[in-house]
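Quick one: this structure, given as structure tokens, is what I'll be asking you about.
Every chain is named by a letter (A, B and C) in the order it is written, and numbering of its residues begins at 1.
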């Protein structure tokens, strides 16, 4: 018994809290839905929130961690939605509207989007910053026009797709959110993730340190667009028609805004802001009708400008440092810690229950008699 | 004859894009930021003309409305720079970009609150056509072309030979060094925004001369297209913006005349952008800036 | 295997007709600390950029342990065994100190772990991650950075940032390490300590060192051999004390 408790104590809960919260949320909703207490409108809002979360997490990988600005994320979603939607029509006809149809469509739609991500990633190898941003924007618009005009995909009228059962689809979506989050989070916390962040921090140094910048950029673009494609497929299953105009530049910007407001490079922030903004959007849409609906956009715009200026203006830096929420929390939890230091993050690895012989892993032969002392470089060399 | 018509309409679209693209490219070159709200300044200019034209109707008043639109946009440009971009000088580019997007939303929703979401007709005077042989050219087209050529030439001369213009070049080369040389960078950036916004107002006018309808998203697509044009030409370069815009305008008018590919017009233009960037990553006339190692 | 770790053969580059560097012949023996000195603008950093693949040489070639590396990409050159630091420090500023070093370790075969097993957090991933972290800590101990291992790199004081950059370069397990003005901006005490550190890493990591430096005390106290550059060409070459007595060199430095 005690050992279980010990193990429980050793688990880094802050690594898993996001998954747990989403899972609990999903569970509660499932119970509500099974007992018939969940309104259809609420279920639909949850579906939308889940899609926003997947999009935010996947875009975060490229913008927050790789540091490349992408203005065409909705384009990848569009590819996933149309290809997955088209496939789902056939699948549903063949095997019924089941989870398997959803999963197969998700995989295929995601892979097609990833292939597009590869194509967009290619110019990324030569282009930088703003130029890359315009290429991603252009890609999004091209995809939109092609699907809008193509007769196979329904043309201007849009593509009619099978709608999954409203009462249970959000479960599939929330599970997908967890999978997406786990994949991106694990990637970020691995050596590959470090390489990606290194490219963001200093590309020249990254190259000189032996990082395959080309490969990692492509990989990040592909993984990000894979999940955007998955989100697109989910979108097609939660709507009875999909129209290309939905996936324009404005939608890409909306996702970008979500991750900027959530804090760049913070997946948890992206999740929270995806949930809040989507919820707010939906709620305001029902409250403010007619001409008042515009007020929503106005407030949105003002808040956006205010938040970005507050978070980024060099003049406000000292103010921010003083009243930073995270810092305040840290102070309460651990008042003595110097906050220039992050929490001891090797703790996670100290507790890995594998036995590794360090001598075999040490790659450098230390000359006998010259083992280093922990605190000072030895005087005078050998 | 058909070919000449295509070329003229292409040039017409091209110079309008050029007016907008110049604003993008100058602001990018000097303030190093992508002013995504630039397209919406066109919209504001358009509404200004719309309001002033509706107030009178006489042709002389039309010219007053042009001046008014230019002034309003100039002031707006300066205000936007002051309020939204100046506090962020020195912040990460993406933060500035998001603010620009916020300004764009703000202007669009304000316009919708004031003018409603329905399309509005703007009573610009109909100037008629001139016939050269069998070729009919609208007077508005001729005015657009002539006015833009004058504006572009004088802008080029201004940048090249005036004190302020040279200061602009200096700031775009090295902001810190030019500050040390006694150039007031803030004023130069303000002037750049003012010029860009004034040009946007003119672009709005030329658009309305082509088709006199306006909505609150009037500036969005021309804005993106002009931005594309600026990138094709090499963003930051003034002649580049002009060439890129003319290229884009001609492609657009060619696509418009070939029926089967007309719906794919936007896709074709953006594909050409990608191809050009792949071949020449800094656009046609853009300078290669190597990061010093 | 040739007896030289690094050998350049008439290495040169021109930018738009201007010959920035020409006819540079370096021959650096194993275990040497080799100095590259010269007035500002002499082309020292350009040579570093040529050797690390930032620039393609216009003329000549260079080889590491007899293997020509001309035309390889920067990361490939690093994998072959040339690591460097930069004149203006280039750290991964938003990452912790220990992670900076772990980035350097990443491509080594013993820490191999493919993308998929990382995404799925397979045991292999945990093992390599653990091993890399331990190795990174060892390296940090050598550089007296162990206590700061969880600090964000940009918060370190200047001298420690320089050390961290060297640590990161060493983590890539190079045969040859290029140090671009390692003592710039350091006070005499720190410089003396750095000299010890450089000797120590040469011995314990078994690397050859090529460094650029303006501090003559540093150079004369540390380097076995020197090459003096002026206007992109070699002015003098040879044993440190001989070179520093060379009247040509004194003239180039003092002017005249």
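The rule is short, and it goes like this: a residue touches a chain if its C-beta (ideal position, glycine included) is under 8 Å from a C-beta of that chain, and two chains touch if they have at least 3 such contacts.
All values derive from a computational prediction rather than experimental measurement.
Taking the mean of each chain's C-alpha atoms as its centre, the chain lying closest to the overall protein C-alpha centroid is A. Of all chain pairs, the one linked by the largest number of contacting C-beta pairs is A-C.
Note: centroid distance chain A to chain B, computed from Cα atoms, is 35 Å.
Remark: chain B and chain C have CA centroids separated by 48 Å (rounded to whole angstrom). Residues of chain C in contact with at least two other chains: 54, 86. Under the contact definition stated at the top, the residues of chain B that touch 2 or more other chains are 293.
Multi-chain contact residues, meaning those touching two or more other chains, occur in chain A at positions 204.
Only residues 52, 54, 73-75, 78-79, 83-84, 86, 90-96, 98-99, 102-108, 110-111, 113, 115, 118-121, 123, 125-135, 137-138, 141-144, 146, 148-152, 155, 168-169, 171-173, 193, 196-197, 199-200, 202-206 of chain C touch chain A when the two sit together in their complex. Across the complex, chain A is touched by residues 28, 34, 84, 87-95, 97-99, 101-103, 105-106, 108-110, 112-113, 116-117, 224, 227-228, 231, 235, 263-264, 266-267, 270-271, 273-274, 277-278, 281-283, 291, 293 of chain B. Taken in their complex, chain A has these residues touching chain B: 63, 69, 122-123, 126-131, 133-135, 137-139, 141-142, 145-146, 148-149, 204, 249, 253, 256-257, 260, 264, 291, 294-295, 297-298, 300-302, 304-305, 308-309, 311-316. Considering their complex, residues 183, 186-187, 190-195, 197-198, 200-202, 204-213, 219, 265, 340-346, 349, 352, 354, 356, 358, 361-367, 370, 372, 374-382 of chain A touch chain C.
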